[in-house]
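Before I ask anything, here is the structure I am working with.
Chains here go by letter, A, B, C, D and E, matching the order in which they are written, and residues are numbered from 1 within each.
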Amino acid sequence: KDKYRVAWTIYVGWMPWDYAAQQGIVKKWADKYGIEIEVVQVNDYVESINQYTAGAFDGCVMTNMDALTIPAAGGVDSTALIVGDFSNGNDGVVLKGKTALKDIKGQKVNLVELSVSHYLLARALETVGLAEKDIKVVNTSDADIVAAYATPDVTAAVTWNPLLSEVRAMPKTALVFDSSKIPGEIIDLMVVNTAKLDKNPALGKALAGAWYETMALMSKNDAAGKAARSAMAKASGTDLAGFDAQLASTKMFYKPADAVAFTTSAQLPATMQKVAKFSFEHGLLGEGASSENFIGIGYPGGKTSGDKSKVKLRFTDQYMKLAADGKL
Amino acid sequence: MKKRVINRFPGQGAAAVLGLLPFLLLLLAYAWGSQVRLEANPEDKLLPAMSSLAAAVERVALEPNRRTGELQLWADSAASLQRLAAGLAVASLLALVTGLATGMVPYVRAALAPFVRVLSMVPPMAILPILFIVFGLGELSKVVLIVLGIAPCMMRDLQQRVMELPSEQLVKAQTLGAHSGQILWRVVLPQTLPRLIDSLRLNLGPAFLFLIAAEAIAAESGLGYRIFLVRRYLAMDTILPYVVWITLLAFLMDLALRGVSRWAFPWFHQGQERA
Amino acid sequence: MKKRVINRFPGQGAAAVLGLLPFLLLLLAYAWGSQVRLEANPEDKLLPAMSSLAAAVERVALEPNRRTGELQLWADSAASLQRLAAGLAVASLLALVTGLATGMVPYVRAALAPFVRVLSMVPPMAILPILFIVFGLGELSKVVLIVLGIAPCMMRDLQQRVMELPSEQLVKAQTLGAHSGQILWRVVLPQTLPRLIDSLRLNLGPAFLFLIAAEAIAAESGLGYRIFLVRRYLAMDTILPYVVWITLLAFLMDLALRGVSRWAFPWFHQGQERA
Amino acid sequence: MGALLEVKQVWKEYGSSIVLEKLNLTVKEGEFCTIVGTSGCGKTTFLRMLLGQEGPSRGTLLLDGKPMPAEPGPDRGIVFQRYSVFPHMSVLDNVTFGLEVTRSRLLGRLFGGARRKAREEAAAMLAQVGLGHALERYPSELSGGMQQRLAIAQALIKKPRILLLDEPFGALDPGIRADMHALVLKLWKESGLTIFMITHDLKEGFKLGTRLLVFDKPRLDAQAPNRYGATITYDLAIGRDEPALLDEIQGAVTETSRFIHDSR
Amino acid sequence: MGALLEVKQVWKEYGSSIVLEKLNLTVKEGEFCTIVGTSGCGKTTFLRMLLGQEGPSRGTLLLDGKPMPAEPGPDRGIVFQRYSVFPHMSVLDNVTFGLEVTRSRLLGRLFGGARRKAREEAAAMLAQVGLGHALERYPSELSGGMQQRLAIAQALIKKPRILLLDEPFGALDPGIRADMHALVLKLWKESGLTIFMITHDLKEGFKLGTRLLVFDKPRLDAQAPNRYGATITYDLAIGRDEPALLDEIQGAVTETSRFIHDSR
């Protein structure tokens, strides 16, 4: 029996993994395909990806940008097995005492440097004709950004939910930009090791099966759906109302068909180009990277972007399609 | 007659009152600060009112968690204390073995002492990523962080303590015909144990620190895990009781270790009181 | 004739070779591990080859950063060392004042010693949010974290050291007509200074720890900042040299403090060597 | 001239253990009292009472007819067996210190001419005890005998009325000890000091003192060794050699000593 | 019967400082050698050479005609001034230890009947030194004199051929010391041991020894006090009281002592 370990961290779009594991949904699907899957919670997001990259996990939840800059740039051939959602307001830029994005000029901005927050900020600045040199970035750990924002020193911040909602609740705070303005660019994925997946596709099938069973369960507004969401809310440290509010700013792909459509759309390669450019400019592709095309990215149907001979991040619709077609 | 301040001693009662004073002042300062902030913003989470703290304590300590059915505070404490105990035990054992070897055997000392000295300067936090990768994210890596954090200092400390044993004793044991092993086992080891407890007491604080740091990064339960989990929401009503609880635990462990040492090694403490 | 191992001492040369051995072994183990991993995955970032490490060192130490134009390692070191120096200075001052007061004046001791003892058990990491709010996010809060992390232990330590001064000296000073202030200033303080340096040396490790923790949480530069930043893309080729560099810095600071103490307080060290 | 020191029916107890009981003594200015007695019988405790570090549990202690001050002061100098000098000061500074603290109440430090003058006085004092050649050394660079000379110089610079010596030569080797005896006798004769000196060595007591005080427990109770305290069992004016008496005292003291140490 | 110990032209140097020079000595089994000399003149160093802790820089040291072993061993027992006993063992265990380590080479611990027997032997030894009533106490609960008795019992249980004593009674008060003298003499007479005992007290040396060795520096150089080492300047068979000789030795030793300590 093959054994696999996948890691997850607390984030609205990933809470279903915890629920699926707690409720035995993952075990059910793993049993069906004759494998074992251990779902491990990691407190620190970056650490979970590092662990995955180093080989401690066979799968891990992460955003599209981190999938490119950490495992792919680290030479670990990775497959984006499930495209769970994209952020549709879940990440945002907030200002204290100001209400317009262009007022950010000259300020210190607290955010998790080199994360999707950083990317969001760069995209936001573009929209008002500013560049990163017009502001000063202060690296702030996600666990402390709420406390940091409560201090007078901090006047601007970029963060994600549930931290964003905490921050927005503070006095004199305005949300001046959020990810709903760049829909589909910040994507939350379940990424698995390509070699492991190729060796035993049962891993992909079991994970996809468990995921979409959970999706179906939680998307309903009946008692069972509410109970599921309440459990996820509790596990992420909030209540049902708070969790639903976070879901509202998340474009969940509850139906596998929607996810397939998104993954096969032309927007995805374009988004990934932007992400690669940002990553390269910030040195995230490693010191050996000569251009933003240094790493190849594969898409459904054999399309690629970047260096074709070095495809390390692969988007696939294969397993989501099986789910959509009810073949799991 | 007026005495110099260095010659004036408070009575027992006065000393007790004086000792409580700073704690009371802190409490008052907190209550005042909390009130000021809450008046300005009733939703303020930073300095919750005493009543909210009490409610939070009740919730975490007495009400079963809805999801897991556990009493959260006790489950967290149990998880953390297990890790801590494992870390302390391994560190003590390592320190004892290394301390005895480097303290007693000149060749081993020449080989290991410089390395241990450098090792004790390595900031363990900085190599956390490596630790997690080598030892995984399970209980092991947390224990290893604690061990890595405190063992080098304890090793150096114990080596020092072993070397401080009067050389007269070692000579004496040799003139009684003991070989190195017997000297280790019957003369040096028993005298090192109470010193090990001393060293352990000194390193309790750092051990808690590393425990919390490790739990902050990867854990599913534990005191540090909880603090970092709820820190995202600035839930000071949970954090503050946890901090007080951790402090209390550290304090009690320190007391307990001292008690154990006094009970198990009376000769050590008699000697100390004389000196 | 065969001697007991405890009686066999290595010569100077042998001792030096033995002392280097563990370092060499570590280096070899690293090189081997690195090679194994790189053969499996040439892009592996966890244990970069020696050559990559060298390249990274060159890059961070000698080439201006593309974005900021600074020499990264030196800029980071300068930022961190400033914070560290400020933290150590404040902690030393606090420890000196409190240690002298609690060590010498029984009433102050009764009032403060229990509080300091409890304070030294509080895990400072856990109360970071409060620190932020009170001291802001700037340099101050980082310095405060260092101070909060090491000052309570140093205070206890110095109190202990002051109380260990032979009471004969204090009596003698009184029979020479000195008042409390003069005894403090001329008898106790000068003898406490070398002990303060000792205490500072012991607390260098923890101070670096808190520095790194503070920089990991919110900073724009610094050694801890860099380590936690590049951890994002698992750039061990940067992290490892930084860790070695921090260790070296700590080591050098320790040596320097010892040197200063020997130079400024020869009487203290003569006494020690005798004892 | 009245009595310098009067001890009247003094008891000293620590909790339930009685250290000294029914102590009576009158000492005139200029006497040299040597105190002997077995270890633990309260000699140091008595000295601490003279210093003012301890008060009597019962009875009165008068200095010049007035109650003994409750603190050490510059009228009563002291030399301990060890730790009497300041290790962080040079020999000269150790002695100058006593002058500085009274001449500069605020800072405890003199400057300029005042400093020079104080240092000259101190150097003269040091020359008297034979340390004129070691002014700039630290105490840790001195032998035990030189350290004790320094401690004596340090005490004498304050011109105390009473000098208390607690086994000052206990740690010295016999040859050096004889030199120190000569020194102390010389200083005592020159200055007219009143000296109390504790010694373990009965012969030393006989040789130096004008008066020998023997502290001993007159009653021994094997069940409760601390039930009865020590008191002054012999109080002799000396000046002659009395070998028989010496033996008698030695015998009595030794017996107490054996008793105390075996019944611990 | 040949000589037990032969010291032939032994020098001991540490770096450039010469501690002992041209030492010659032959000691027969059963002698009681007392060693006196001023502080720092190498008495302890000589004892360390007899122990085997130090080798001579030049010359030879023969025990029973064979080179001195390079390590301490059970044929040469030792009692130091302090730290001679194991603080973590009861009085009885302190003495039993010596039997256990040879009878149980692996564990250093005896069990059952063997243990009972060893404890009985140890108890008998302790009774001989007058500690029969204190078997279960820890050393910290004993007075100084009792601790030294214990240290002696501990050494004697191994039936060493040579017993080395380094100022064993230096820290004891004079009454207790006299008792210890009686004890040592008794044990020596009963056992036929060879004893080397260092003392600071010349009288003690005269009283106890059959032979007195005086360590002294025959040449003094004020410019370089460590240029010349000490050697044995007097080697006397004793058994009579010789007050004039005692004074002569005392004088010579004191002079060296003054010289060394003032030129430091």
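Following the convention adopted for this analysis, contacts are C-beta pairs under 8 Å (C-beta built on N, C-alpha and C of every residue); 3 or more make two chains touch, one makes a residue touch a chain.
A quick note: this is a predicted structure, and the numbers were derived from the prediction, not measured.
Enquirer: So if I look at the partners of chain A and the partners of chain B, which chains show up in both lists?
Expert: Joint contacts, listed by label: C.
Enquirer: When every step has to jump to a touching chain, what is the lowest number of steps that links chain A to chain E?
Expert: Shortest path length, in steps: 2.
Enquirer: Looking only at residue numbers at the chain D/chain E interface, is the share used by both copies over half or under half? Answer same or different.
Expert: same
Enquirer: I'd like the Å distance between the centres of chain A and chain D, where a centre is the mean of that chain's Cα atoms.
Expert: 82
Enquirer: How many angstrom between the C-alpha centroids of chain C and chain B?
Expert: The mean C-alpha positions of chain B and chain C differ by 18 Å.
Enquirer: Roughly how far is chain B from chain D, centre to centre by C-alpha average, rounded to an integer in Å?
Expert: Result: the chain centres lie 47 Å from each other.
Enquirer: Quick check: how many Å separate the C-alpha centres of chain D and chain E?
Expert: 33
Enquirer: Pull out every residue in chain C that's touching 2 or more other chains.
Expert: 4, 7, 46, 128-129, 133, 174, 179, 216, 231, 234
Enquirer: Multi-chain contacts only, two chains or more: what residues does chain D have there?
Expert: Correct list: 71, 141.
Enquirer: Check each residue of chain A and list the ones that touch at least two other chains.
Expert: Where chain A meets two or more other chains at a single residue, that happens at 50, 54, 144, 146-147, 150.
Enquirer: Which of the chains are touching one another, listed as pairs?
Expert: A-B, A-C, B-C, B-D, B-E, C-D, C-E, D-E
Enquirer: Which chain B residues qualify as touching chain A in the complex?
Expert: Interface residues on chain B, with respect to chain A: 41, 43, 46, 66-67, 128-129, 132-133, 136-137, 215-220, 225, 228-235.
Enquirer: Once bound in the complex, which stretches of chain B touch chain C?
Expert: Against chain C, the touching part of chain B is residues 4-10, 14-15, 18-23, 46-47, 104-107, 110-115, 118, 120-127, 129-130, 133, 153, 170, 174, 179-180, 183, 204-206, 208-209, 212-213, 216, 224, 227, 231, 234, 236, 239, 242-243, 246-247, 250-251, 254.
Enquirer: Please output the residues of chain B touching chain E within their complex, sorted ascending.
Expert: By the definition above, chain B touches chain E via 166, 168-169, 171-179, 181-182, 185-187, 190-191, 265-268, 270-271, 274.
Enquirer: Could you pull out which chain D residues touch chain C in their complex?
Expert: Those in contact with chain C are residues 51, 53, 71-74, 76-78, 80, 82-88, 97-98, 100-102, 105, 107-109, 138-141, 151, 154-155, 158, 160.
Enquirer: Name, in rising order, each residue of chain E that touches chain D in their complex.
Expert: 38-39, 133, 141-146, 173-176, 178-179, 200-202, 250, 253-255, 257-258, 260-262, 264
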